[in-house]
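A, B, C and D are the chain letters, set down in written order, and residue numbers restart from 1 in every chain.
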Amino acid sequence: MIERLKQINPVFLVLALLFVAIAILSPYFLQPTGYMNFLKRAAPIAILAVGQLYVINSGGFDLSAGALVTLTVIGSSILLDGDASATWWVVLVMLGVGVIVGTANALVVSWLKVPSIIATLGMMITLSGVALTWSGGAPRGYLPENFRFFGRYLIKDVPLIKILPVAVIVMVIVCAGMWWLMHRTNYGKRLIAMGDNPKAALLAGVPLTETRIIAFVVSSVSAVIAGILLGGFAGVSTDVGVGLELQAITAAVIGGAQLLGGRGTVGATIAGALVLQAMFTLLNILGFPKPIRDVVQGLILISAVVIAGYRRRRSGG
Amino acid sequence: MTGDAIFEMKGITKVFPGIKALDSVSFSARAGEVHALVGENGAGKSTLMKVLSGVYQAEEGEIFLRGRKVRFQHPLESLTQGVSVIYQEFSLLPDRTVAENIFLGREPTNRFGILDAARMRRETRNVLALFGDRHRFGPDTLVSDLDVAQQQMVEIAKALSLNAQVIVMDEPTAALNDAECDLLFQLVEDLRGQGRSIVYITHRMREIRRLADRVTVIKDGKVAAAFDDVPETGQIVEAMVGRDIGHFYPDPATSDEVGAPVLTVHGGGNARLFDIDLELCAGQITGFAGVQGAGRTALALALFGAEPFETGTVSVEGQPVSLTSPRKAAKAGIAMLPGDRKAEGLMLMQSVRDNGMISARAFSNPLGAPNNTSVATLDQMDKLFDAFDLRAANYEVEIQSLSGGNQQKAIVARWLSLAPKVLIFVEPTRGIDVNTKAVIYAQMRSLAQDGAAVMAISSDLPEVLGISDRVLVMSDGKIVAEFGYGASETEVMHAATEAHLGLETS
Amino acid sequence: MKPARSRNLMAFAPFLLLMAAIAVYVIVAVLTGQTQFLTVENLLGLLGRSIALGITAVGQTFAILIASIDLSVANLISVSAVLASSIMSGDPSMMLPAIAAVLAVGVVVGLINGLIITQFEVNPLIATLGMALVLQGLLSATFNNFAGEVPEEFQVFAYGQVGGISISLIFLIALTVAAWVFLRFTRAGSNIYSVGGNPDAAKLAGMRTTRVVIMAHVICSVCATIAGLYLASRLRSGAPWIGRDGVYDLESIAVVVIGGTALSGGRGGVWGTLMGVMIFSLIDSIFNIAGVDAFAKQILRGIIIVAAVAVYAVRSRRIEA
Amino acid sequence: MINKFTATALAALVVALPAQAQNFDDPVEFAKQKDMLGAAANGDAETPWLQYYGDVMADTSAYKKDGPHTICFSNAGVNNPWRVVGWNTMQAEVERHDNIADFVVTDAEGSDDKQIADIEDLLAGGTCDALIVSPNTTAALTPAVEKACAQLPVIVFDRGVNTDCPVTFIKPVGGYGFGIQSGEFIAANAPEGSDVLMLRILPGVDVLETRYSAAKRIMEEAGLNIVGAEFTDGDRAKTKAIVEDYIQRGTQLGAVWMDAGATSVAAIEAFEDMGLEVPIVTGEDQQDFLQKWQEIGLNTIAPTYPTYQWRTPILAALKVLDGEAIPGPEWNLPQPAITSDNLGDFVNPSMPPLHYAACGCEDMPGYPERWGGK
């Protein structure tokens, strides 16, 4: 029994403890509405974190995700400029931008042999440059209501949970898709094999470049989706994506993903994202000033890696 | 015991997670002698020397240096007391000069803390002078501009500059050509003449005969035999292998087992290979012999598309194929089991099953179910594991917890799922214990009997001769000779070393 | 001897890049008829634009040389600037205590970074990222505005001149010379190259590699705090966002890499870094002279970083072959 | 050794904490601006960007120069919609004048350090006849502006600097005035003793600091409870998250005071999305806020910081170079507030949501397309 408990990823226990603490401290979280709003807030970061997990599992980093979130919000607002009839094609264009950005990242890593941290750092600077140039550094256009539907709208009068934010539905669908691809397909197994040992994977017949392209594309597309949700949540914003890539990496690491590849699950990563958000919520309820969130994020980031390393060493792995 | 031993190790036991690497080993060396330390890969030779130098700390046992008990916690401590180890992978910094490497970590400084470059140069020149005029490089040469033998000289010079009385050399000839070997042997003899004590790790009988004064054989972490002189080769081999090697290898293929040519190469060449003409036949094991750098591994990599041919044509079962990537090679029916299992074969953090299934997954629909691919199902894989008698707590444990032999079985199973026509084994038994070796050999034979063309590359010449129906000898990127089953080590070696004499013998 | 020559060529790569950037600068200035920018003073002034980046990058070079990296420098710069200006509070007699306190903070942060990396074996990226978040959080929780003020005397650091050359530029060059002497001519500097180039070899040679890693991180952090002092002097006061606004973490890594120091450690040096800083300043100025949209140059920067690393990556592969 | 340093540092820190570099809560200035709000401005009310309060003028005869002129402008950035509208307006103004031969602009992208270097570059270029500076933050840019004053006529507008060396400093009535208008409205309309959240763009900018200090003083004197003052960076996402956080903490907000209107709609949405009634949320003359106000019938106020002030520096620079006297060392423009009574005058659905109504740009070349209107 105790042995089996030890095998459970501690992130789930931490998440449960945080929920208990929040529920004790805030009456707002005794109702389902509190949790639904919580999930709504966590949805973009959960989607981003799982996207990031693809790149982490492949053995890399995607630092360009946050800048792509910003570009999505700014680009959509400028392309749309309040015109509701254009929403659908703008969403498609933005997803297309995600595919292009992800492919470019992967090709720079694969063909030019540039370490992914530098390749995506360059992409991050380039994308924020594009966003700034396009917008002139300030919000310009406007997002119509139907674009904001995904990030803002709540389905009311749902039995049991009372409200159901559309963002939560998006999160469940997108994360389920990414879970399936990672854990229930040949592709996912190839990806993890590549992150574990790229040379062995190559010699076992895994097509590295294609595998990497898809990983980076998933990450970029997840950033676009997160951008659509965040744009929907609050409207145009020029620095909505700043630092999100680091939160995503933190979430994946809290979930036990191994940096430089080979180990990491979608479920635990989502739990990692929720832990991060729950931690922020708890600090908010306790009335700590916002900057303390950074301190806590920094400390749990380091602790998560230290604990993971300790667990691994102790299990003799 | 030996009263004049410079150092003496008594009852050394060293345990790694799950493995007893050394079990109560005793070993010693006198001044002015070369003590050969012999054993198969993984027998524990290097571990023993790492205990001596303080890289590892033994759980049990004692070490005496000039009669005084010592316990080195760190290599620095052994270095300063005159024990130098020259490892197989050189511990040199390629971007730094010879002098900087020789004084690595103990650079002389003046009283302002500024490096005394002049002194480093001077002392380096003095040390190099011990080699006579054989070194042909100076203190300011960058190490990356040196060839392997010269790099080894730098390592030895490093030891000499520390005035080492005990010098351990771990398979020093592994990458040397004949002329370079000769030079090394002379250096070793010089060092012995200076009254130093040399521990010479090797598994090559020729070198033992040429250099050694005493021989100790280690097997499975224990001293299998200790000779106070240099005994007959057969005695050493028996102690190493632990049984008569006669029944070690399966019988060769009968003539009706050998089928039509499966793989044909005409005029294959690239930067490391020249004018390769080759036929591999179904049902036959073709072994490749040659010295290090002769082109055997390059040929395997070319056939598997990892370092493709740039000229010539290749066909599989009469169909021309283009082998420009491992994936294309695998699709053409060629499989390779890489030599360095850990670096090139295993996904260490994944389960045994995932390691076995990866090729099947790599060659089926990427969106398909991973346990039920169009190439193989998990059930079939499990059955292959069962058939190979793969020993694991269960097939879901991480493969890094398995022994080398069982890991190798998983990799073989991986490729069998693709039903390859050509199987290339590179160093198939490196780091595998003797009993599992026999299993692997039997497996190779049965793969051939099932109709595959099997290619075997090994730096262990007896192994090549023992398992192959046909032996091709390579030298300088070319195939230079062919022998049938039953060729002798001497004639194969002779062919392999017409230019470069004398390696790969036991 | 062939490889030696190609290596020398590589050592010149940052220099060639710099020359190319200068050439573009001259061409753009001539084409737009703004030849008044083509004076030696102006070229020196270019480097003067990037003193803070230069000081930080010299430190970052140490971290990268030991195959580590430091993402906490930008936030440490903010901490240093705020701490300095609030301790000084306009009082000249508090200058020395403030400088001492700030440098001490640099030492402590570097020590902690180094200890987390060596003792807990945490990936340096994560360790210093965590440190960055902690520093920024603590700082922003305590200060949310410009804090204190540096006395006029302290502004000499940023605005003073000696013989027509600004003191800060002289300081940056002196710092680079000192770093170069340290790396090239002392055992400790030699150890940095050894540990970065081949940690196993360094360990086998008896080196205390963890100490070397920690030392490199301390140097890196101290340089960042000096950059913070410079910014406090230049802006008259420290604010908790100045480091982050300057993106000194990522930019310092970028210029180090463009300057030819390998991310894998053991190869490179501070002069290359200084050239990397120059190249970045030139790009800024070229865009200013050409009157191109302020943000467009950021796009080019991203591409240049990737291209530079790609050149080095492709190059080093050729050598292995 | 280190202990001593730490002790000194900590001691100094404690002392330094309450110390502010500048005084942004100056009762004299507060009273002055309060008076101005009630007074009538000199000049034609049709062209408010040329109006001014008081009669102190700056002599500029020393700067008289033959045209055409090169006018240089160091901009702090165009990093919020207010500055975008202003910047468009300024460019349109430049086009109206033939005797401006060249208009050289640098953009500091919101970085003090870069703006200092930009000003140094402009001075080194040696071609500027007059320099207009819109400083990023007050204290940091002071030395650079002082250096520029020694070489050529300098005009500062919007945010100020801590020196009176420029020929003039152009701004509307001022930050205190803005804070007085919104603060007094909340004091009069919010439930007695209720909680007020104050949202601010960023610290360190004089005109924003004074808005805050004036409003805070008024609301505190009225017995309201300020539950927090948070920085939003002018970002909608952050604004909405902050307001939601306060609601989640269980705070019953009676009003949200904004130091700028760009994110007022985001604050309103936070209440809407949590299913709560929207309390007083102040704003500015940005169209999206005005339209939302009209749509859901808020009870609120929108003080303005009119973007027509971006026209004035160009006009002033030309006057300076002609040797014509201008109001100085401070030039205050009128600063109207939008209330429910005159809301209809400002709402204009044909202009984009992020447009600022008080732009004074309706008669300018390229209107309305240049400002994104239809």
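Here, a contact is a pair of C-beta atoms (placed from the backbone, for glycine too) under 8 Å apart; a residue touches a chain by one contact, two chains touch by 3 or more.
As the structure is a computational prediction, the values presented were derived from the model and not from experiment.
Set against one another, B-C and A-B show the most C-beta pairs in contact at A-B.
In this assembly, D is the chain whose CA centroid lies farthest from the centroid of subunit B. If you average the Cα atoms of subunit B and of subunit D, the two centres end up 74 Å apart.
Remark: subunit A and subunit B have CA centroids separated by 45 Å (rounded to whole angstrom). Chain centres here are Cα averages; for subunit A and subunit C they lie 31 Å apart. Each of residues 109-110 in subunit D touches at least two other chains.
Counting partner chains per residue, subunit B has no residue touching two or more of them. Residues of subunit C in contact with at least two other chains: 294-295.
Going by the touch rule set out above, the chain pairs that meet are A-B, A-C, A-D, B-C, C-D.
Within the complex formed with subunit D, the subunit A residues making contact are 26-28, 34, 37, 41, 81-82, 132, 136-142, 152, 154, 230, 233-240, 281, 284-285, 287, 290. Subunit C makes touch with subunit A in their complex at residues 116, 120-123, 125-127, 129-141, 250, 253-254, 257, 263, 293-303, 305-306, 309-310, 313-314, 317.
Those residues of subunit B that touch subunit A in the complex are listed here as 17-18, 304, 306, 326-327, 330, 336, 338, 343-350, 354, 357-359, 361-370, 373, 398, 400-401, 414, 418.
By the touch criterion given at the top, residues 55, 74-77, 79-80, 85, 87, 90-96, 100, 104-107, 109, 113-115, 117, 142, 144-145 of subunit B touch subunit C in their complex. Considering their complex, residues 181, 184-190, 192-193, 196-197, 199-207, 214, 258, 262-263, 316-317 of subunit A touch subunit B.
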